[in-house]
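Following this message is one structure expressed as structure tokens.
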Amino acid sequence: MLRQLKVFSGSSNPLLAGEICSHLGVESGAIRIKKFSNGNIKVKIEENVRNDDAYVIQSGSEPVNDNLVELLIMIDALKYASAGRITAVLPNYFYARSDKKDEPRISVTARLMTDLLQTAGADRILTMTLHSPQLMGFPRIPMDQLLATPYLLDHYRKKDLSNAVVAAPDVGSAKESRTFALALNLPMVILDKERLGDKERVVMRNLIGDTDGKDVLLVDDEVLSGGSMLEAAKMLKEHGAKRIWAGCTHGFFTNGALDRINESCIEEIVTTNTIPQQRNQNCKKLKVLSVARMFADAINAIHKGESIGALMDRLKK
Amino acid sequence: MLRQLKVFSGSSNPLLAGEICSHLGVESGAIRIKKFSNGNIKVKIEENVRNDDAYVIQSGSEPVNDNLVELLIMIDALKYASAGRITAVLPNYFYARSDKKDEPRISVTARLMTDLLQTAGADRILTMTLHSPQLMGFPRIPMDQLLATPYLLDHYRKKDLSNAVVAAPDVGSAKESRTFALALNLPMVILDKERLGDKERVVMRNLIGDTDGKDVLLVDDEVLSGGSMLEAAKMLKEHGAKRIWAGCTHGFFTNGALDRINESCIEEIVTTNTIPQQRNQNCKKLKVLSVARMFADAINAIHKGESIGALMDRLKK
Amino acid sequence: MLRQLKVFSGSSNPLLAGEICSHLGVESGAIRIKKFSNGNIKVKIEENVRNDDAYVIQSGSEPVNDNLVELLIMIDALKYASAGRITAVLPNYFYARSDKKDEPRISVTARLMTDLLQTAGADRILTMTLHSPQLMGFPRIPMDQLLATPYLLDHYRKKDLSNAVVAAPDVGSAKESRTFALALNLPMVILDKERLGDKERVVMRNLIGDTDGKDVLLVDDEVLSGGSMLEAAKMLKEHGAKRIWAGCTHGFFTNGALDRINESCIEEIVTTNTIPQQRNQNCKKLKVLSVARMFADAINAIHKGESIGALMDRLKK
Amino acid sequence: MLRQLKVFSGSSNPLLAGEICSHLGVESGAIRIKKFSNGNIKVKIEENVRNDDAYVIQSGSEPVNDNLVELLIMIDALKYASAGRITAVLPNYFYARSDKKDEPRISVTARLMTDLLQTAGADRILTMTLHSPQLMGFPRIPMDQLLATPYLLDHYRKKDLSNAVVAAPDVGSAKESRTFALALNLPMVILDKERLGDKERVVMRNLIGDTDGKDVLLVDDEVLSGGSMLEAAKMLKEHGAKRIWAGCTHGFFTNGALDRINESCIEEIVTTNTIPQQRNQNCKKLKVLSVARMFADAINAIHKGESIGALMDRLKK
Amino acid sequence: MLRQLKVFSGSSNPLLAGEICSHLGVESGAIRIKKFSNGNIKVKIEENVRNDDAYVIQSGSEPVNDNLVELLIMIDALKYASAGRITAVLPNYFYARSDKKDEPRISVTARLMTDLLQTAGADRILTMTLHSPQLMGFPRIPMDQLLATPYLLDHYRKKDLSNAVVAAPDVGSAKESRTFALALNLPMVILDKERLGDKERVVMRNLIGDTDGKDVLLVDDEVLSGGSMLEAAKMLKEHGAKRIWAGCTHGFFTNGALDRINESCIEEIVTTNTIPQQRNQNCKKLKVLSVARMFADAINAIHKGESIGALMDRLKK
Amino acid sequence: MLRQLKVFSGSSNPLLAGEICSHLGVESGAIRIKKFSNGNIKVKIEENVRNDDAYVIQSGSEPVNDNLVELLIMIDALKYASAGRITAVLPNYFYARSDKKDEPRISVTARLMTDLLQTAGADRILTMTLHSPQLMGFPRIPMDQLLATPYLLDHYRKKDLSNAVVAAPDVGSAKESRTFALALNLPMVILDKERLGDKERVVMRNLIGDTDGKDVLLVDDEVLSGGSMLEAAKMLKEHGAKRIWAGCTHGFFTNGALDRINESCIEEIVTTNTIPQQRNQNCKKLKVLSVARMFADAINAIHKGESIGALMDRLKK
């Protein structure tokens, strides 16, 4: 029943979408997105999509709420245009960090996002490196999670890791860091930080494990204003760390994060293009890895009904 | 089961919300809304709402998508905080103009909005002056529509209407204008305009009816950049109109609309505060009518289970 | 997954269904519909429909509620017989005029109809010329609206229109009439009528525009007892109109409407067969246009996943 | 939250509804039901029902589909008028006999009815004497089934039953008849009939048990054209039965059923007013028992949150 | 869209599943089912199933709740693994006897089972010989019911039936027994038993019809502890029956049922393998008929979109 | 609308349920639960519950699937018996550990459990100490999570903690352990274990932090066979730990866990009665804390619409 594979790009990350299309060997689907003077968005799909297998690429990057609403309208338009199946492709999941109710009377907004996607008409979700794997339990539709880990590991493997440790920037992300430690066969240390209220400011409480004279891989899933990472780097230095190589999958780099990283003891910050990085091109410490091929391969696998697990395994090697 | 009436205000129109609360004689509900550096919104309801009858006030004004997502998160937070009933109070409905599929492969976004509200957890909707009454058929939950008409009629009745006609700015809004003509016992004329693509620019085709030497009430449901209204005014003048009194319920006034109205042949523009009008305070031709009391009375009626129709009738007198 | 295209006809409009089948080159699907002595309907699908692409044709004509319930039972039977996809083909939408809540405590019955169709198991809806385009926002399933306009325009273009105007029978249908005026490049006039309560009786208030010495195309979406149209014709005559050519898409012609039209100043009444017209064959002023080909083409397009917009454009020429 | 008990009557059985209201000591709710000339029904609730506990009384009697659609529109109107809870009170359940799929590709229409009621907005169902108790498993909302049995038993107990047996008119209703046999402490016989196709004509195959010289209570849940009951009576007579007292809960009596019963060997036919019986007043063999009090008591119990089982037990005595 | 037919077997009835697979000529799908020490079940589908047409075979046999939860987890795993369509194949439906609300405040658990299956993600259900055909009205997804009757009839036709009658073990199953009587052209008798509370103990009240000197086919849909069947046999003997051949589709045979049957006047008990019968191999009176081919043929028909009714007809011959 | 608070206890943990009722000062609701010989469960609510506020207490303890199905049937029975609101009270959440998709093609069974509860008719969930807080995002109904932490902290505060550290038994539960470290103002160490396949056997890889000469609080959310905890204890001893005090909220203690703990270097194991502990009464190292009061207070708060957060805060002191 599903006819053609069609990829539509939202406004958030057109370069990544373009790369994905070019790996897939398809033209980006014809679409017109207009913003009226009162901020209302209008989407028109400009080609027939009946029974087609449609993929909509949109990142949870800024302006995040505009991107979200645009995505929902695109999906709604595709659904009523009788697309055969609609996959929301979210290189960075919207509101991924709001995945639990750790205070009374707040919204588990990552779950709300999932509900909204389903309401608009998404049949599947494809995303990358979630803050917590439990988020996979939110949707009532199939969801595939890609991991940027193979790209980051590839990058790290090119370094001299003979004297390195992996540092988890806080207790909560220890499990994620452990994946790197295991894959690279390195020891691990854990930083124990404290967030002040909702604020993005943190203080470091403690360092569990030994970093004296070590090169440190400091990996997190996402970096916003970088306060946490910079505090961690400072503490690692105080505990005798030599070089600090920072990394993350989702590099938001808000509030001048990269300027402060440039001026800090961090030697390198590596990220991917799940969040568009064009505006950061002249930051010399930043290295950007493109995840386009992995997304293209996954879209292809979904379209053909092949296993994505197999794809991930292939990429790991 | 429902205990207390509680009103929570989103960020879009705090002045109107404040007025409504003060008519109701209640404090605005305690809520904390925070925006992270990547644009993600966090909402925390800061008082117990279990079993309460909660009203969330948010306008579809700019930044419209931020306001929408904030509204959805507020409703979601209230729902999981066990509010007894949640009414979305939308002085201006979100995306109200996108209420039909007049081109292939577009989204009926006003209906999508309704779906999103229900998904987030709204139990009822209260709104004002919809572009088309059919929108009342979109939700699967009860919806009440207030009309700003009594306020506008009150305003017009203070004028000398002995030589006046009502003008519909286009054929589509003729039915709405007819309400004014009937209530004020005036003749009606209709302008026949043509919209160029999606653009907010229009050209006038024709004028049906007679305006020579007449004072004209030129009423529409909403004004964005005002292009349409200004073109209409020009054509009315060309057809011999004397004074032109413009009016609308929802005054977006984007792209310097009010500056252009100030410089035009329009003598007065009257609107309401469904869209916040503080920033337009020093526009001398603008008159703003507050709809706060009508909303307060309607919320009170809903809370007590009284008829809103009766309330509207009371206001009409 | 979808195998064969199958068309099933309800009891309401077998001639139109037969014509559609013959344009499609298919036999009408085998079905047995029985009415028990207490009015209960039993439907048996008499051929295998597993995974088939089924179309059920039923008009909202009289006896309207029997036709509706029969339609719902047919869809239910097809769904549990494992039809692959079920499209409700409604040449005349059920309860299309009840599309708004213009009084308190009434039902938006056109929306309820949509809900019932979805509950019974319809996957899509195909219909023609809705009273208001907003109805397209009611269903949560894809809906295609065909327009009878090309057929009516074809018919009018054969006339001498050198001295003609288009008349909207009331303000509410001005937008619809404007389509005809634009397509035929004619001026437009608008009648301003008043409905007395729920009654089908109307009085004319006013005529906006000039009809003196003109031939008038008086077009509406539907005609019931014709009271409104006859009043309009009378008023047009009083304002100097020469010939009056009436037309509508959905010709219910209840309560002897055609008899009164035959005796009136209306020269011709043209309609389509969305409502069956066999019983009206000997009304000499009535011209019936068959919409069967457009429905056949649309069904074919849906079955093959082709664009219907393209089809409409093709027909317009 | 629920405020007042309000009872609204559809068009099907106003006398029963009136009796119920008078037992409850309430006025029937103000409602206006209009039928347009094309058969479309319009319902207007003419009093405020916000938060009220509304009961809508409608029987599945003829014209059954008009009554059904009217019922659905009434419920929809009440729901959007913000009724607190809506109970569909169906003295005779719609399409109750279509409760199984005993042929391929037919609809289990009794289940479809349940779905339609829920879609329209019913929160509960109250009905009487279903053809099969499994129907109670169809709705996803609470459903209470009253039984007319106590009324019928009361009636039979006034007879001399010293020489009586209970006869089941077919194998399928043996279980129902057994209830009577048990309660009256009588033996039972079973007739084995065969239905010809969908037709309402039957032939008798066999009689299991002994009726020689016996008075026979021939009880069924419903009687349509009475063919089955008359055949049964004939066979019972052939097997030596003395007097035959027929009875049923739902007396449709279509196609001159009562005339034929009057002329037959059946001595008496007793039924209830779940189906309106006014038009049958001058049938001398017919006795009608009113079930109004049981419905009034049940509505009262539901409104107050009391057990209906207790009520049934009370009635049994 | 649906690619391969894949059959997965739960833990309940692997032999039947194996036979079905071998009739279909497919390998059983790779799956790993693990039970943790706290009884929690983990299911891992060990092959790609994207877009596949998956069938999960599980019987409602003991341990029934473990089997049920395992089934739900299997379906959930398949759904999120993007299986194209999931059919729950239930040779014995779970909780099939709890199909009505014959006491207040009990659960219609057979309907709850249907709801749970749909929630887990089943798209269709295939089952055999339900206790009541009304259960087909419970699901909102297509359901096919196979009947073991042809197998049982085949078996009985090999006997000398010249002097036989069919006995219904109680009034409720008279309709089922009638099918056998009709197909074998035999008379029928009915036993009237009484169940004591919820207990599985029964007492016989009466025997309707004549069994003196007859061979009796005593058929029921299921046998649990056999108490009811043994009581029936005893009563039949008391009424002069010669040989008693018992039979049922679903042979649970709990609490030593077969031991007691072995010692009873019942000459033979025939059943099928919808409930696994391996552990009963050395019961000399028991004959087991395999229903594997009928299930294999039905799965094949569903996969190819062929009619199952046709298949049943084919088997009847 | 909600009338009385009623508490119903399932079969899993009647002692805890009894304690809760006695704190609440209510009798346990009248209910009859029967198991048929084929394992099918029948539930009968034996008192009127119309409009009542019903709480069903059931733990995810063994036999877990029987307890689950019994719970679902209880909820279903309450729903159809018209309970006003149903809260599933789950001292130990069912399948709480299956909360993520860390392998392809497995079920996120904790989410499936949530779906099943909603399908059966639960309106709210009340549970204790989830393995991951993200599980709070699974349901579409309000869910309250209590924490056993205050009880455990109370217990630990009675010890001499002057030389103590908190140990996380693996990286994944580091965040949970951190709560204890923070509350008791103690340092933290983290063990890095590896699970072998699905097996409950683990090997220890590493110990991050310093335990030499320390007393260790080894806390986890649940203990099954205790393999992980015993391995951790061994490793802690190897790294110089003095005394080891183990603790967990949910003590399954399967496969002789307590025997092995009794024989190990662990000095004490403290748990709560979320899992019934009667059978472990004579294990001398085991201390059981009752969580009944916290559940009683929470149920009371929910019933009265009071904040549970406030309750938790009160308990913390």
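The chains carry the letters A, B, C, D, E and F, assigned in the order they are written, with residues numbered from 1 in each.
To be clear about the criterion, a residue touches a chain if its C-beta (ideal position, glycine included) is under 8 Å from a C-beta of that chain, and two chains touch if they have at least 3 such contacts.
Here the structure is a predicted model, which is why all the values come from computation and not from measurement.
K.L.:
For chain A and chain B, which third chains touch each of them?
P.N.:
C, F
K.L.:
Looking at the contacts, which chains touch chain B and chain F alike?
P.N.:
A, D
K.L.:
Could you classify the chain D-chain E contact as same or different, where same means more than half of all interface residue numbers appear on both copies?
P.N.:
Counting shared over all numbers used gives more than one half: same.
K.L.:
Tell me which of A-F and C-E has more C-beta pairs in contact.
P.N.:
Spelling it out, more C-beta pairs touch across A-F than across the other pair.
K.L.:
Rounded to a whole Å, what is the gap between the Cα centroids of chain A and chain C?
P.N.:
Each chain's C-alpha centroid was found; their separation is 51 Å.
K.L.:
Measuring from the mean C-alpha position of chain B to the mean C-alpha position of chain E, what distance in angstrom results?
P.N.:
62
K.L.:
Measuring centre to centre with CA averages, how many angstrom lie between chain E and chain F?
P.N.:
Spacing between the chain centres: roughly 38 Å.
K.L.:
List, in ascending order, every residue of chain D touching at least 2 other chains.
P.N.:
1, 80-81, 101, 104-105, 108, 115, 307
K.L.:
What kind of graph do the touching chains make: line, ring, star, complete, other?
P.N.:
Contact pattern: none of line, ring, star or complete.
K.L.:
Using the touch rule from the top of the page, what pairs of chains touch, sorted by label?
P.N.:
Result for touching pairs of chains: A-B, A-C, A-E, A-F, B-C, B-D, B-F, C-D, C-E, D-E, D-F, E-F.
K.L.:
Could you please specify the touching residues of chain C with respect to chain B in the complex?
P.N.:
Touching chain B from chain C are residues 99-102, 104-105, 108, 110-111, 115, 132-138, 140, 145, 171-172, 174-175, 178, 187-190, 192, 206, 208-209, 307-309.
K.L.:
Name, in rising order, each residue of chain D that touches chain B in their complex.
P.N.:
Going by the criterion above, the answer is residues 1, 3, 48, 50-52, 79-82, 84.
K.L.:
Taking the complex as given, what residues does chain D use to touch chain C?
P.N.:
Of all residues in chain D, those touching chain C are 34, 36-46, 49, 61-66, 68-70, 72-74, 76-78, 80-81, 95, 97-98, 101, 103-109, 112, 115-116, 118-120, 198, 200, 224-225, 252, 254-255.
K.L.:
Okay, in this complex, where on chain D does chain F touch?
P.N.:
These residues of chain D touch chain F: 1-2, 124, 142-143, 302, 305-307, 310.
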